[in-house]
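Dropping the structures in below, format is structure tokens.
The same chain A turns up in both complexes below, where it pairs with chain B and then with chain C.
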Partner chain A sequence: MDRWTDGPARRILTAGVLTGALLFTACRREERRFRELPPSTTPTTVRVSALQPGTMVDTMHVANPYENNAYAQTEGQRLYNAYGCVGCHANGGGGMGPALMDDKWIYGSAPENIYTTIIQGRPNGMPSFAGRIPSYQVWQIVTYVRSLSGLTPAGSRSARTDDMMMYDGSQALPKHVAPKQSFRPPASEMP
Partner chain B sequence: MMARMRTKWPRCPFVLRSITAVLMLAACTRERAPEQVKQPAATQLPAAGSPRATAPLPAEDGQWTMPAKDYSGLRYSQLTEITADNVKNLKPAWTFSTAVLRGHEEGPLVVNNTMYIVTPFPNLLYALDLTKPGAPVKWSYDPAPRSEAQGVACCDVVNRGPTYADGKIVFNTLDNHVVAVDANSGKEVWKTKVGDINTGETMTMAPLVVKNIVLVGNSGGEMGVRGWLKGLDLGSGAVKWTAYSTGPDSSVLIGPRFKPFYPKDKGKDLGVSTWVGDQWTIGGGTVWGWITYDPQTNLIYYGAANPGPWNPDQRPGDNKWTSTIFARDPATGDAVWAYQMSPHDLHDYDGVNESVLVDVPWKGQTRHVLLHPDRNGYLYMIDRTNGEVLSAQPFGFINSTAGVDLATGQLKYVDSKHPTLGDVVRDICPAAPGAKDWQPSSFSPRTGLLYIPHQNLCMDVQSVEANYIAGTPYVGMNVKMKAGPGGNRGVVTAWDPVNARPAWEIKEDLPVWSGSLVTAGDVVFYGTMDGWFKAVDARNGKPLWQYKTGSGIIGQPVTYRGPDGKQYVAVMSGVGGWSGAIVAGNLDPNDSTAALGFAAAMRDLPSKSTKGGTLYVFALP
Partner chain C sequence: MLQVNQSVLHAAGPRAASTEHLWWFAFIVAAVVYVLTVGALFWAIASARRREREGELRPEHAHDRMTSGVGAGIAASVVILLVFLGYDLSVARTRDPVPKQHPVTIEITGRQWFWDVTYADTSPHGRFTTANEIHIPVGQPVLFLLSSSDVIHSMWVPNLAGKKDLIPGYTQSLWFQADTPGVYRGQCAEFCGEQHAKMAMEIVAQPLTEYRRWVASQSGPGAPPADSVTKRGQEVFLTGTCAMCHSIGGTPAGSHVGPDLSHLASRRTIAAGSLPNTRGNLAGWIIDPQRIKPGAKMPPNMLEPKDLDALLTYLQSLK
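Take a look at the complex of A and B:
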């Protein structure tokens, strides 16, 4: 039996190829883009209704470059909190605004739908963030919002904000970041 | 699945089983309800003939012309046709659909044989003609509020009702307009814009008119809004004065007449110096609750809401004058005294709950007091002439604080329940909506008891950094609520102010988010979030009657004498509000932090109530 076809060497070779393949895909997943050229959207091509007079014309879909990118989704999660999305939509369950983790979409679930919803605002209370949030960050938020209802590939999904996060996901803050009582008021001002 | 687990279990190695058992034990400990501290004293009836609280009553006219029927906030009717003996025969007389599906926290008004209802957003005003069979619509008025306002209303798009004065119905719209409408014709008399949705302001409270001054306040304590109370001229709608809850004395209308009782509330510009930098400009203290008025002292009483953001580490200091009761002169807005219940509030304990004005025999004297069941769980009995706290006893389960020091007026915080950035603090009681939220109590001079509808909830919190972006939420807290000790989420407590303890209590499964009403027939009315409208005996809490309405009840029941001379009882049915947001807003309870954590405690509500907005009116056959 040839040592190249059935022996340690072959196993090493197989492992090497597999590792290489993994690294290759992992690169896409973990890619950081520092000079962003996010997709542009033209509002006229984004439909909010599936009802079209006459023959169906395909909606022009805008590819979201971040859909498979774990880094962008994690960034989206951070921005979702930083820009206060969490204040209205909670961690996906909703509150002042509708839930985002269920399968009901008032203004569409496609990336371009969510993008235009954030940029344009909606008449029943969704504020317009046009001119407030850079376009690439909006796409990152779109990616995170779609991940809440499982619309993005599982492999790139960021850590779920579990009930009262216990910091065991990728969003973990080391404990030493927030020492107890670091921001407490001076004793004289405390009740 | 269960069967499979059972067959596999015996094959588990002993060590694994032990580990699992230990883990389960630990998990149990983690979720165990707190055993700590303060609970109301045991239920005890006041002895017959013992001294009891009373209140002077205006002559009974059979109407309901202001939110709490009278200036004292009693929600007490002297009508006696419906009694504890015959209430079991109560039947629906007629109903009315409001065409709105959000939370109906409002109470109807009855003036000159006409009933007036303001709906939640879009704040339609209906006038129903009580002289005709079935009370048809006489006219309706649409203030056309901006639809976007719905996006800055923290806790459903509710409205807590109109008031009546001098031939006008006056109410607030969600998009910050105060409107006066001619009560006969339905024509708009004036409409004044007093706030801005782009800074997160909305209006949900019921106005009160005192001496031709319309008193209104804003909502938005979760949006970094700076709270205020305004006095508008009833004739023209012009703003005569604005009293902010934070900022320099000049804008809080603190001047030479201001004489707080406790040293902690004395000093210059405390509305600035108890904050860091200019945080007071976005510090909350909104005024969305109840106002009462005492003609003897010529003072109005109301509470300012929580400080913002909820994350307390972001706003060092006492944060005056949030979570505070103010006494002011209604003509000028001048503050006469103030008392801060929860300085540097840690848990969203607003101070907006009602202050019910009664007279109480206290240590050999009759004291003119206000009874204030606060969000923080204490029933404050305060001398309304000078702001002295006579007693502050828990009316619900409390472990976040350990009492109120009556010598200094200070609330004693429990350090282990202090939310700290990056930590999860568990089992804080009461939860953010407090031991009681906005839902107003009623008081009967016949029994001397205050009937408090409230909730029994605890919470886990995790404070996170909040960024201020104008017109968006400014909270900084992940919250998850749950039932308090005992498992019942709601309570109706009959409070005996003389002995500072409950006379009786009724446990309810769901939070009691409706107001209460008490009558001279010794009947207390309230509703539950699964739609039951209930009557109980005012003397002992014995259930007497109940009727299932179409949706959960969170409105304020009223009673009146109809043109036919009969006594009627009316209540809005229509679930929603903060507690019912899971139904009104179709929220997803898989996220425990939905609706600022309230959805977690209300996972079962969608199976117990659907949306709907209907007025129910009851009478004896």
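Take a look at the complex of A and C:
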């Protein structure tokens, strides 16, 4: 009895349980939720510019439910191609639309900013996808778009992609500094 | 459920017939070998007991008998395996080459998890796209050009031919001919993801006149809405999420992510052979596809009951 309550056996047992518990910490990375309920909140007030009329209202922050989920990110990549994002933004390098794998963000890089950009559309060509893409899929696309410039945790990034890669095992160079929040006004409003 | 044929032992065409002969040959040879082996074992036991009783069994002869017995066994196995190999090669040599005359060419793209089917034609207006249900004329060789847009799939219609893999970025060819009219079920035979099991196809072999009539009905655009309900249904389809992935000929919906729905109502099944094509099944599939086929690429759709009803009426009018 004493063998199991104290002494080296107990220490080994504790170490074993803790090591075993470590194995489960990564489970959420691979979680696949097929019957998805949309997040209860959708961002309504999102600041996309340094200028704002009236009283200052701060952005309503919404946690992206998929930020750490590898499956959602690869689904995001699939949907990014399926819904035609790739037609203007290429595989992140940009073309007709701005590049997504750099650190320039006209309307902000936070998940809620990208979400509203997709839903509302933006001047000079970005169409509104409201009512066209289910909310949970928009969040998956947001996750993928953020991963292009290394804003999502490296641990949840896909090990392999069929598209342009900066180096093996990643979709973009890792970013050790926080991305610049460039709140430039839209190009059309530039002098 | 729909009753259809899916069996290697009920060949409906020359390719499957040669496979069936090969199967029966292998079965009969294996059965004979089994009976002979078991018979020899019992004979050996009986004879050894008899000779032991009569005092004839001497251990110094055992080694010689063992050597000759094992030698004979190996020789017989090699001969039988060579015969199998020769027969197999001869079947492959005579049946694999595509016949010079193949009036129908069908391009199939494997997708997670359905079969995208395009009937090739020399003129662009003769081409048309459908999904999962392939009609072929009886008594004519049909050429299939197989490819995949995501992972490796494999086309297998046991009543008509053997398996052939669909490989991304590479076109494989397969041909077969149906001699008996009927509906033959095919199945993806290479594990391709969560819904591999629900990736089925149906080959409908029919006489040439019926086949021509079917081709004529599939070639045109989808039926335009005739009344206010179908008009509303088309509006729901085009302004909602449906049009992001599906296409209907003659409408602005032209996306090729999901199956083409131009003539959905003419098909026997929905969701790649998962369910019979009825109004109720279609409604359940549109509202919550993940309940029926978890992992399928189609998202759940929150539709107002009135809109769903109109959409169903519209989809069922697409004959």
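As a working rule, the second predicted complex is superposed on the first by the 123 of 191 C-alpha atoms of A that agree within 3 Å, B and C clash if a C-alpha of one lies under 4 Å from a C-alpha of the other, contacts with A are read in each partner's own complex, and residues count from 1 in each chain.
Everything that follows uses one rule, which is that a residue touches a chain if its C-beta (ideal position, glycine included) is under 8 Å from a C-beta of that chain, and two chains touch if they have at least 3 such contacts.
Small disclaimer: the values here were computed from a predicted structure and weren't measured.
Shared-chain residue A:Arg32: touches chain C; no touch with chain B. In the superposed model, A:Ala82 lies in contact with both chain B and chain C. Contact comparison for chain A: of chain B and chain C, B touches the greater number of residues.
After overlaying the two complexes on the shared chain, residue contacts for A:Ala90 are found with chain B alone; chain C is out of touch. In the superposition on chain A, A:Gly150 makes contact with neither chain B nor chain C.
After overlaying the two complexes on the shared chain, residue contacts for A:Ile133 are found with chain C alone; chain B is out of touch. When both complexes are overlaid on chain A, the residue A:Asn124 reaches chain B alone and has no touch with chain C. In the superposition on chain A, contact of A:Pro98 is made with chain B only, not with chain C. According to the touch criterion, the shared surface of chain A, contacted by chain B in one complex and chain C in the other, consists of residues 82-83. Taken together, the chain A residues at the contact with chain B in this complex read 81-84, 86-88, 90-99, 101-102, 104, 121, 123-127, 161, 163-167, 173, 175, 177-178, 180-186, 189-191. Chain C meets chain A in the complex at residues 239-241, 243-245, 257, 288, 290-291, 294-295, 297, 299-301. Of all the residues in chain B, the ones that touch chain A in their complex are 147-154, 222, 274, 313-314, 316-318, 342-344, 410-413, 418, 420-424, 460-462, 464, 466-467, 469, 471-475, 478, 480, 581, 585-596, 599-600. Residues 32, 34-36, 78, 82-83, 131-134, 136-137 of chain A touch chain C in their complex.
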